[in-house]
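Each of the next two complexes has chain A plus one more chain, namely chain B in the first and chain C in the second.
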Partner chain A sequence: MKTIYKLILCLIFVGSYSVASLADIVVVVHPGNPVSALELSNIKRLFLGKTTKFSNGDTAVPFENSAQKSIFHHQITGKEVAQLKAYWARRVFSGKGFPPKEMLDSGKLKSLIANDLTSIGYIDSTAVDPTVKVIMILP
Partner chain B sequence: MARNKVVTSSLFILFTLSLMAKTSFANSDIEDIDHRLEAIEIMVNRFHVNGFATVGLTRSNVEAKSREGINEDMKFDRDSRAGIRLTTDIDDHSKFITQLVGRGVDNWDAELDWAYLDYQYSENIRLRGGRLVLPFFMISETIDVRYSQPWVRPIDEVYGNVPFTGYEGVDALYSMELGEMNLGFQAWLGTSSGESSGLQFENENMYGLVFTLEQDDLTVRIGHHLQDITIVGFSDFTDVKSEFSVLGVQYDGSQWLLLGEATRFKQDRMFDYVSYYTTLGYRAGRWTPHVTFADFDRDDGAVQQAITLGLRYDVSANIALKTEVKHVNEDTLEQQGLFDSVPEESVNILTISIDTVF
Partner chain C sequence: MKKLTKIFVLVVMVFSSSQVLSACQDKDIIVSGKPGYPPVSWGRDGELSGLGYTVVNGLFSHNSWVKTRVLPWKRVLVMAEQGMIDVVVGIRETPERSKHLAFIHTPLIEVSQNVFHMKGTVINSKSDLKTKKGGFISGTVFNAEFAKYAKNNLTLSSVDTLQQNLKKLEYGRIQYFISPLLPTIHYINENHMDINIAFMAEPLFTTIEKIAISKASPCVELIDAMDKALQLMHQQDFIYQQFDLLTVKWDVLKYLN
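Take a look at the complex of A and B:
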């Protein structure tokens, strides 16, 4: 039992370390969005469905990125994927709302954000170009 | 019960009709295939389907049956259940919600648990009407969605005391953000009926208020509810005034999980009771070991205390495997507790289950 547990911990540790070292994750919005920086707590609340607004009061529509979802949530909301699923199950089945739409294709997510003033998402820092505006680099 | 069915089925028919009226435009005048696809996409996006299921195996070491219906005979049907929830957007402000649940204990006869219209009146105010879930507990609305809970089943000493889960009526929800806090006020009104231990209950003049505070990973919920209870066929138990107060706390952090609810039930004629439980859990990767202490104390002398040790393993993001031992020490039992007879010795209930959401 102990060995299995250690092995799992090792795998999780090595897994997150090697992925994180490849590139940073950045939170991006439309270049025309007046918001230039967001507090961590605001981003956390947006991606947990606890608010639907940027800090300036404008409507915000978050999008998940399948490729980086687990690392993003590990760092921003502190929830692992299964815990996040249970969190959303409680909200969905009590009518409190649905989780953000999840995009499988990072390129499509970027072009969606480039064309929608209300959207907010996260992508790999190497994919950043002038079509989107970076408002946070993940710690 | 029959009245419920009539109400829910007429709501369902109404809902279907309104849907047909809304979608009939699709065939006319759309020539371009892109437009047609877009129309289909818009139509499909108006429906959200969510489901859940649990398969469980359970038994205890004694002949006396616990209130969950468990004794020394191994059972598959106690915890097994499946449900499907359909959310249909009618327009930008209104949606209709239906939830169908089939439970092993009811021979899998599917019941339309909920069927209600949800109308967003303003940014902060939502109004709902139809067949709704009684908002007694913090987990009332997700009580069948076992995946969303740490345990194999909701703690019986607290959640097993109310024999009715739904009501016909209306409610209003006011929610607001205050800095990093979310505040919610809910007021509800309606009637309800249900069956417990062969008794048929009819409740009228039911209403209540619920206040919820959410900050970061912490939720605190306080509710107070009033109702007139009638047990059909017992003239002494007609329109018995009763009140029910509930305090719930949940902390759902990255590592630690704390969950608890305390209830007090008071009424004019029969017994009163208090009940509570506290669950503490620790997440270590996919494993969540947890421990629960639960207490039920009725003023006619029935007392039951239970300690539950459980382990949840998240197989994937949609599937959880759980195992649990619930221990009821015979020395802490007063009378027969919540068992159907006095257990011959201390009771251990063992359960293994698989939960899923999709």
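Take a look at the complex of A and C:
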């Protein structure tokens, strides 16, 4: 009985942890960026290097966030990290583009976006403040 | 695995249809390419391996006599002219080479060629190359547009190996060199070279790597069948699946970040 109780507690803990981590990621841009929302397909194209523009035609420079990269890509592009590596190897080899720059430090990423109208990235929702604008909450 | 079997069966069908009785079937098929051009062609322990050989083995999969020869690139070209090498992989088509080699129409793979320079040297565009000394690896074929630009504007010298270009760059004898992007970065990483190098992100040009058959080889009779088989491999994404396998250990994202 004790084991079953422990197992249930464990499942509740793991379940709530994963729900929290999925719900925690938001896509952000500079507050002055005229784009106020983007569809998932637009974000996917930006982070796979298939476009370099926001939906209004302005230049977009995407940045990866190391801390949330695997969850973000699982949700947005449908690619796991290994698949993503293979995808970019093909594209770089044949001169079709470069992967977005990856930021190890979420704070620096937020600061970069806060100072650059063209940048777009994703951060933990708890880190959102008036220096950045949320344009999408990960589904 | 299913895909591989499908390709194998289709390749066998293509070949069996008409030309299976070619004299090419009765001899060893000698295949060669550049000895230091991963993942397309590279030599190790007296054998050549890479994407080019995987594909050629697939094209001749009904035949178990495909052999590779590790030779300097210039010698590969001379021996292929004479028919001593039947098939050359990872080769760019030129009118000169077409005199002695029949190129399979369908490309093997497209490759980005970029400018490498020491950090601190300002090179942001093709026009920044005009005032500087550059290098390339002997046998490199530029695309027509860049060849014209280079002839009219650039001072370029060639060497035999990538390592020589890296040394010349480090010692300031050249200010940049032109080289395939990913293979060059991989080479620097694999050899743990401590060199303060940078590259121009925008490709200078891209080249189409092909497979060619010596016109002096009986295998040249199979060129149309090989073209169909190679098209099929592309349709099935076989080429890039093999590319993925060959580069799986390359940490491309880390190289570029």
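The rule is simple: the second predicted complex is superposed on the first by the 116 of 139 C-alpha atoms of A that agree within 3 Å, B and C clash if a C-alpha of one lies under 4 Å from a C-alpha of the other, contacts with A are read in each partner's own complex, and residues count from 1 in each chain.
Following the convention adopted for this analysis, a residue touches a chain if its C-beta (ideal position, glycine included) is under 8 Å from a C-beta of that chain, and two chains touch if they have at least 3 such contacts.
What you are looking at is a predicted structure, and each value in this text was computed from that prediction instead of being measured.
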item	value
Chain B versus chain C as contact partner of A:45, first or second or both or neither	first
Chain B versus chain C as contact partner of A:89, first or second or both or neither	both
Superposition-derived comparison: chain B or chain C, residues of chain A touched	B
First (chain B), second (chain C), both or neither touched by A:79	first
Touched partner set for A:98, first chain B, second chain C, both or neither	both
Which superposed partner A:57 touches (first chain B, second chain C, both, neither)	neither
Touching partner for A:32 - first (chain B), second (chain C), both, neither	neither
Residues of chain A at both interfaces, chain B in one complex, chain C in the other	82, 84-86, 89-90, 92-95, 98
Chain A residues within the chain B interface of the complex	5, 8-9, 12, 41, 45, 50-51, 78-87, 89-90, 92-95, 98
List of chain C residues in touch with chain A within their complex	109-114, 181-182, 201, 203, 206, 240, 243-244, 247-248, 250-253, 256-257
Residue ranges of chain A in contact with chain C within the complex	82, 84-86, 88-90, 92-96, 98-99, 101-102
Chain A-facing residues of chain B, complex	48, 50, 52, 85, 87, 97, 99, 118, 139, 141-142, 145, 147-148, 177, 180, 182, 214, 216-217, 252-254, 283-287, 314, 316-318, 320, 357
